[in-house]
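Chain IDs A, B and C follow the sequence of writing; residue 1 opens each chain.
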């Protein structure tokens, strides 16, 4: 290999001279890109390109850039090692080949290069099209189309009036109405118990004073008011109360005058 | 057809892409000193009947939409939207109590009223500011508009049903009451337990015997 | 001359004033449901030779200046921000392979793609996230936008330069697919035997003439 590179540096170095060697690789988007560039430089139909020649070129190029920045060059060095392996495998007798075969590896590499090359061409052709803002121009000062959304509010009479009803109902002072229900008032219980007690001098259970055929709700009310009536009569000294056991039946009798 | 004259095409494209109207001199300079007046005249005539026009304004030329199509540039799309529950309540309160301040509306509703609610009602054209109340703070007061009456098919506010009518229509039934009706009726057999809250004013008692 | 058809004038004025390209549906909706296709066809023909053109890009229509007049208009205009080579390549890969995941882009390019590259393309409005691929890891997949077609003067993706040839040559298939094809059907390959001295046959290279 001559001391000259067999090709021009693909891109002029963009960095300061002292970094020139380091930054040579920055012209490429990775080792595959560099390989593709080298392949193109063989200036033959890519179909006839020699992978071995390509490997040599790549290794020579990497060898030139001795003072590679490692963090930048790692990918390139990995590729170099792999290519060196590929080259030796390709040169070995077939019998000693491993799986996958070096031929398969080489073919896959070429397929990858072809795909990257295709996209590179496509990108170039895409960028060469008539682009808006470069080759063709849209209107400089369009008036613009304005679409004003106007809300048309909907509400009907019923919704309005019932909303008012709801407000009034919601905020009216809370008045609890007890619906008509069968009750015996204290006054009537007092009259009733006092009248029934008038003649009894034996102890009589409170239950005896309740209306005999009252429906349950009235009966309960009568029990409560009759109990209070009994207490009232006892307070007035007109009756005596007796209960033999806690929660036992309550008895009363009249106090002899 | 042979394409239009190159200068005409250039003038057309330049004015189309220009961000400002251009004078004859500017155009000519832009096109390397070409004589642009004939092209302008031809373009002006060409576009006279079309959707766009080439017009001269203050000695500067520009394309613009044909005046009779100006309405296309600004379209209104009507969007039907139902008034929210809160807005309906506020509207009803204003209708029944007008003129009424925001604080009064809130006192009646029992909840704060978002500012946006009144804005919506004014945007709908149903409520207007009717002045200020001459009390400390001079609060703005609101009233309904003639559009309100016509939208709701009312000859006047007096046609709004009164409280008695609302009650008769069941519209004043509170939620509590409706609930009690539900809760009590099926409990026919259960003995009513008299509690402090329940017992207050007794109605005429049903007496036995 | 009698003036052009009213719908034609309306379409002309609307597209002239629009800030964005408009689809047939948008135009029709803007013009109250009118059938706009005949007008678009007539306008497209009318403007074909003029300084401005009516073009369809990604199913949307817009007026723009004639490409041959670019030299007149380019001056005094700021240059388009230059895309980096990486961004250009990524854009091409997305356009020709869409929808495509980042890993697939990287497989083609042989290098990692900086996150900023995709950001730049998305910020330009040319690339969008098109969902996720239903494979393990559910990678995000990318596709181009109507703005991409519009910017690059493409009526549809089918107009991507060289798309048919690339597809016919298998260059849009993955390396695995391509290798499998070659391995299974060696008779098809032009030069399937790989020798040490001269390596594998490259597929038809994707060279522009």
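Heads up, the rule we're going with is that a residue touches a chain if its C-beta (ideal position, glycine included) is under 8 Å from a C-beta of that chain, and two chains touch if they have at least 3 such contacts.
Bear in mind that the values here come from a model prediction, so they are computed numbers and not experimental data.
J.: Going by CA means, which chain is nearest the middle of everything shown?
T.: A
J.: Centre to centre, using CA atoms, which chain is the farthest one from chain B?
T.: If we average the C-alpha coordinates per chain, C ends up farthest from chain B.
J.: Would you mind pulling out the distance in Å between where the CA atoms of chain A average out and where those of chain C do?
T.: 33
J.: Between chain B and chain C, what's the gap in Å when you average each chain's C-alpha atoms?
T.: Centres of chain B and chain C (C-alpha means) sit 43 Å apart.
J.: For chain C, write out the residues touching at least two other chains, lowest number first.
T.: Residues 14, 16-17, 30, 63, 65-66, 73.
J.: Could you check chain A for residues that touch two or more other chains and list them?
T.: Answer for chain A, listing residues that touch two or more other chains: 137-139, 143-145, 147.
J.: Across the complex, what residues on chain A touch chain C?
T.: Listed in rising order, the residues of chain A that touch chain C are 29-33, 45-52, 54, 75, 90-91, 103-104, 106-108, 110-127, 129-139, 142-145, 147.
J.: If you look only at chain C, which of its residues touch chain A in the complex?
T.: Touch residues, chain C against chain A: 14, 16-19, 30, 53, 62-67, 70, 73-74, 77, 79-80, 83, 85-86, 88-89, 91-93, 95-96, 108-111, 150-154, 160-162, 166, 169, 171-172, 175, 178-179, 182-183, 190-191, 194, 196-208.
J.: Enumerate the contact residues on chain C facing chain B in the complex.
T.: These residues of chain C touch chain B: 1-4, 8-14, 16-17, 30-31, 49-52, 63, 65-66, 69, 72-73.
J.: Taking the complex as given, what residues does chain A use to touch chain B?
T.: 137-141, 143-157, 159-172, 174, 176-185, 188, 192, 211, 214, 216-218, 220, 222, 224
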